[in-house]
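Worksheet for the structure shown next.
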Amino acid sequence: MIWQFDLILLTLVVICAVAAITVKDLLSSAIVLGAYSFLMCLIWTGMGAVDVAFTEATVGAGVSTVFFVAAIYHTTRRTKD
Amino acid sequence: MEVVSSITPLLTVLVSAVGACLILATGERNRNLRESWTIIAAVIKFALVVSMVPLVLEGKVIEFTFINLAPGLPLQLKVDPFGMLFALLASTLWIATSFYSIGYMRGLNEHAQTRYFFCFAVCLSATMGIAFAGNLITFFIFYEILTVATYPLVMHMETEEAYLGSRKYLVYTLIAGVVLLFALAVIYSMTGTLDFTPGGFLAGHGIHTGLLIFLFVLLIMGCGVKAGIMPLHEWLPTAMVAPTPVSALLHAVAVVKAGVFGTLRIILYVFGPILLHDLGVWLILAYVVSFTIIVSAMLALAQDNFKRRLAFSTVNNLAIIILGAIILTSNSITGGMLHLVNHGFMKIALFFVAGAVFVKTHKKNVSDLDGLGRQMPLTFGAFTICALGLAGVPPACGFISKWFLCLGFLEAKEIFFLIVLLTSAMLDIAFFGPIIYKAFFAKPKPDVSPHFDEAPMLMVIPILCATAISVMLCVSPNAFVHVFDIARMAAMSILGAG
Amino acid sequence: MKTLDIIGWFAVLTTGALLIYGTAEMPNWGDPNSPPSTHVSPRYIEKADEETHTPNMVTAVLADYRGYDTMGETTVIFTAGVSCMMLLRRRQGK
Amino acid sequence: MSTQYPALIVIVPLMSALICFVVGWWNRNFCYKIAVAAIAVSFYSSVVTMKDVMANGVIHYWVGSWEPPWGIEYVVDYLNGYMLIIITFISLLAVIASKKSVEKDFPEKAPAFYSIFLLLVTGLVGITITGDVFNVYVFLEIASIAAYALIAIGKRDHAPMASFNYVIYGTVGACFYLIGVGYLYMVTGSLNMADLAKLLPDLYNSKVVLVGFAFLLVGVCIKMALFPLHMWLPDAYSLAPDSVSSLIAPLMTKVSAYVMIRIMFTIFQPVFSFEMLPVGSICGWLAVIAIFVGGIRALAQKDLKNMLVYILVAEVGYIVIGISVGNRIGLTGAILHIMNDAAMMACLFLIVGAIAYKTGITDITQFRHMNQKMPFTMAAFTITALSMVGLPPACGFFSKWYLVLGAINANQWVLVVTLLISSLINAILFFRVIEYAYFYPHPEHGAEEHVHATSHGHAEIVMNEAPLSMLIPILIMATLILVLGPFSGKIISSIIQFAIPAGF
Amino acid sequence: MDFIIAKYNYWIYIILMMIGFYAMIVKNNLAKKVVGMNIFQTALILLFISTGVKTGGATVPIVIGDAHGHAIPGTLHAIDYINPLPHVLMLTAIVVMVATFGVALALLIMIFKRYKTIEEDEILEIRRKEAFT
Amino acid sequence: MIRRHEDIIIESLARFLTPFIQAFALYVLFLGHYSPGGGFQGGVLMGASFILLVIAYDIIEGKRRITEKFNIVLNATGVMVFSGTGLLCLILGGEFLDYSQLAAILPVGPEEARGLGILAVEIGVEITVAAIMVSIFLDLASAGEHEEALK
């Protein structure tokens, strides 16, 4: 495992997390959250947790995002913070 | 002391509980049946209590243990002479009160009579439990049941005044209960036992003196609320809004007597004379109750409401009983215990009179009684005997108990308290005198008919019975169920052990 | 800023501080001699294939050694599905 | 392994939940019967298990026959068995009583409702029976998710919002618990409670263990709604449907309290919890505040159910006081109070449900003549109220007695005074209701009450008692409240004293 | 410095956890709370996965064996494979995560149907108004 | 509510991809013993394939493919397979979930029986997860208004 690569990923994860909770549009938030999950799953693959990474890729980046978008569809994209 | 195991004490307690259930089950549908349950339960209870008298006179202690609540903490009933005394008083008076209640309730066509009779029976159950409680925790349990069961009785009238009175009653007694619980918990965690022992069990456990005094104050506060010791008596006159049989129950049988009984138990069976002497707190309590005696008598003078005047007289007499016990000589303790019984009989007669007057004429105030004595001669005749008896005048039994109290005080060379006692007797005459005078000698008010017009027989007979027993207890204190011997035995057991 | 926000910030920072405090004494990252690597897991690695005939240790542990957890997990997802159905659908069953 | 009953306790409700869900789609009437039968079997199994424990000592049931710490095991000891009986019994009564109100409030959701109801019970017994810290988390989540859903279908308007708040707090609590598990795992490598208990004493000076312990405890306290973390509880429980709150309110907090006892006394030793850390005094003070805040907020409520949930906050304080005094008697009191409070709360919430079902009234000030309309229900209410106030011989007095004794033994006088004052607060709360229900005369004119004059001129109100399926559980519970009190000595000497860790 | 490098995973996990926690309790928008919940739980998973890692040549926890994939008993050594237990636990945790997520979203939809907003302060305002009327 | 847009490219692509995703889901399930994957991942993929169809078409199409009652049955069946396997072990005389007991009814040794038991429960997990994912998605995407969607 290349630690520079790891470090970049971890930094990106933090950036994504901050973005997901600060962005003013919930749809963007959902997409950023998907990206966050995907980056997370890369990190875990790097650590050898292939099963968990696989699951996170399907669930976190896939189904969760779909759920979230579906829910936003029925509520609102607007957010004050 | 020989210990006999028997189920009779439990039966004594359960009789009225079962009666209560039957009363509730019968309800308003069949009033005669409902009230006959009351009478039957009362008679059975009395019979059960009396059946235990010979054993007690032989010096045996009857014991029954339900179940262990915790190590060293059984739920236990124990019949000793002092408990027997109280049980006799309560069970006898319940019969009288039952008949009287029926007359009173029907006479006034009161509402919620089922509730009334139900609570009444539960009260008696609790009172028996208090009388026979073998340890403080059992005592406390029944004490709290009594609190709860009397609350609806005080509330009975359902007027704004009744709400206030009952709330006040509840607040006072519940706080007392909590204080008592606290003291109990401390004692249990210090000594590991709560069993009543003649002569006290607290000594010899190495409890710090300050804590002992604190515990004494707490316990006396806990029981003193029901016993109406002076700064804690406030609920008593307000609770007078209750129907008269309830007031009679509160003041002569159940509640206040339970308080006094508890106070005596604490003085004589928890702390014991020796420990109290060592601590020196007995003198303080003696002064407090002396203060109560004098002040309550003075307050009684100022009351115009008949029942409130009787209420303050009760406060006065209860304090006398406690004073007798706290002087801690054999004669004064005997006197105190006898007065517990005697006052019960006399005071219940007085309250019955007040109730009879109310049922007949709807008069509540002393100033309205003018000339009623001639209209209701039996009632007021009984009243005269008992009122004078309370002051210590023969032929009613107050004389006997006051005599022994005086002896005790002299024995202890406590002249101050003797003077207090005699002063209170004077004041008794001073506040009962006008009633008797007005009833018999004052010019009748225009609305009083000059003819003989007694209250219903169901009310007059109990009055006469209570008066008769009062007189009999004076003439021959031992004739009936050996009240005097039992009291003497109790006093001796305490001082003998101490 | 509302009081609630201040309380929230306080809670977050306290939690973070506590975690950082605890992290100081954690075994180093990836240490093969740390307790998790030496206490229970060696048996899974060394025996799982032999005992359950499943080369993928994660599957073996997931479905057999800790199969009960997995049943719980499946129940959780089932609960969530039924919950969503109960909460959102108007008509269920007859 | 001689007996399979421990597995049945969990499996039967779980599988019945599945069956119930599917069958209900075709015939809704089966759901209720299946649910009742399943919980009854579960109750029977826990009784048998408890008997087994009393005869043969602690039961270890290795799920999948993998020996711990590799596999997951059920450990049923006295504490467990006792909790299991309480949980299954109260669930049984709650599910029996739920029939009518489900039919009234959301008949179309009955299959899903009973399915989730059973899953909630599964979660609760699963938490209790297991001997594995991670397994506790899994079942905690089953129970929590089921609870979120059940609360959200409440008839009252704001239930979804309350449930959402509960989701947030509950997730924080569960995650904190999981962080604690992670930290312990990090330094010990084990997830089994017994194994952890063996490994941890050497590590008591480690900061990781300290932080792990703190997170475990905070997580559990959130689930238990101890004072500063109780914000989610009043809304969630008071807005839940009546048939649900009679299950959730008595049990969820108690099970969390059980987990707290496990953490402090089984996984960690009391030495660590009480001597190395000031957990006792912190929890004690929080409990004191909880009792006062709960009591005072309850005083301000006019709605009976709102009042009860604030009392629940205070009741949690009692249990925590018992745990936090750190001595045998106090813990005895806490364990006893878990049972007593579960019984009392179950009874009270069942009564609220019955009254709301029959009359639709929850406002205390409208309780006039309730004693004539629903005499049996109100009699049960009176008994329970007296028990809550701590008046003997109802059971509430006895646990309070032990709690007070424990606090005195620990020289914690503030706790003693708090316990005593709180019974006065409870007295005000409950006698207020009793006064309204029993003593206020003059029925309001024009109300729907059936008033007619009787022979002796007093208005009489026709009895309109709750249906039997509600009344019987209430009466059973009320009887138990009366009976359990005098028998608490027996319960302590035969069960609770063995449930307390030896040498404590 | 060594102190920071040797545990950098843990620091990142703490940061993520604080971000998630912050969003859960301070954010006003309910959907943002749900997002925070997701981040919080993912951070937790990172913590657990980090505890299972072994440096020094350890590989993924799948047996490298013969053609059928099975290995000869006794040839496997703990040092060669990454600890599988945290992975198992985290699989469970992910499922719990998505389950909670689903329920939270369902509640979100219910709340929106009721109040027509998912901002907490606006909802509280509506509730307060309704309490008065 | 997801409306149909009648986009031929997306629709045919989705229809084309679905079998492959489903095949992969089954592959992940059955190869779970030898490679990363297992019931849960496979189940999510399986569910995702239906979700893809629903997104590409609309809910009506989705409900035509997998009817409501069938979904309900599947929901419960998965957990039932799991706990039923456990219960079977219990009935065969072992502890709950002790798959080695299955050797009594299968022509294999206890170790292989454990392997097969794992497969059985993984199938259970797959069914439940797939069905629940679809069910949650349908509920969320239609906000519970399935009936309206069908009109």
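Here the chain labels run A, B, C, D, E and F in written order, and each chain numbers its own residues starting at 1.
Basically, a residue touches a chain if its C-beta (ideal position, glycine included) is under 8 Å from a C-beta of that chain, and two chains touch if they have at least 3 such contacts.
Predicted, not measured: the structure shown is a model, and the values here were computed from it.
A.B. asks: What is the touch distance from subunit B to subunit F, in steps?
C.D. replies: Minimal hop count between subunit B and subunit F: 2.
A.B. asks: Taking the mean of all protein CA atoms as the centre, name the chain whose own CA mean is closest to it.
C.D. replies: D
A.B. asks: As a test of understanding: of all chains, whose mean C-alpha position lies farthest from that of subunit C?
C.D. replies: Most remote chain from subunit C, centroid-wise, comes out as B.
A.B. asks: Identify the chain pair with more contacting C-beta pairs: D-E or E-F.
C.D. replies: D-E
A.B. asks: Take the average of all CA coordinates in subunit C, do the same for subunit D, and state the distance between these two points in whole angstrom.
C.D. replies: Chain centroid spacing, subunit C to subunit D, equals 26 Å.
A.B. asks: If you average the Cα atoms of subunit A and of subunit D to get two centres, how far apart are those centres in Å?
C.D. replies: So the centroids are 38 Å from each other.
A.B. asks: Approximately how many whole Å separate the CA-defined centres of subunit A and subunit C?
C.D. replies: One centre to the other, that is 18 Å.
A.B. asks: Check each residue of subunit A and list the ones that touch at least two other chains.
C.D. replies: 50-51, 55, 59, 63, 67, 70-71, 74
A.B. asks: When you check subunit F against every other chain, which residues touch at least two of them?
C.D. replies: 33-36, 38, 40, 75-76, 79, 83, 86, 96-97, 99, 129, 136, 139-140, 143-144
A.B. asks: Please set out, as single numbers or ranges, the residues of subunit B touching at least two other chains.
C.D. replies: none
A.B. asks: Using the touch definition up top, name the residues of subunit D that touch subunit C in the complex.
C.D. replies: Of all residues in subunit D, those touching subunit C are 14, 18, 21, 24-28, 63-64, 66, 69-72, 108-113, 115-116, 119, 122, 126, 132, 134-135, 138-139, 141-142, 145-146, 148-149, 152-153, 160, 179, 183, 185-191, 199, 206-208, 210-212, 214-215.
A.B. asks: Which positions of subunit B touch subunit D when the two form their complex?
C.D. replies: Listed in rising order, the residues are 66-71, 73, 75, 109, 111, 140-141, 144-145, 147-148, 151-152, 155, 158, 163, 167, 170, 174-175, 177-179, 181-182, 185-186, 188-189.
A.B. asks: Help me check something: in the complex, which residues belonging to subunit F touch subunit E?
C.D. replies: 33-36, 40, 129, 136, 139-140, 143-144
A.B. asks: Which residues of subunit E touch subunit D in their complex?
C.D. replies: Listed in rising order, the residues of subunit E that touch subunit D are 17, 21, 24-25, 30, 33, 37, 40-41, 44, 47-48, 51, 85-86, 89, 92-93, 96, 99-100, 103-104, 107-108, 110-111, 114-115, 123, 127, 130.
A.B. asks: Provide the residue numbers of subunit C that touch subunit F in the complex, in ascending order.
C.D. replies: Touching subunit F from subunit C are residues 50-56, 58-60, 62-64, 67-68, 70-71, 73-75, 77-78, 80-82, 84-85, 87-91.
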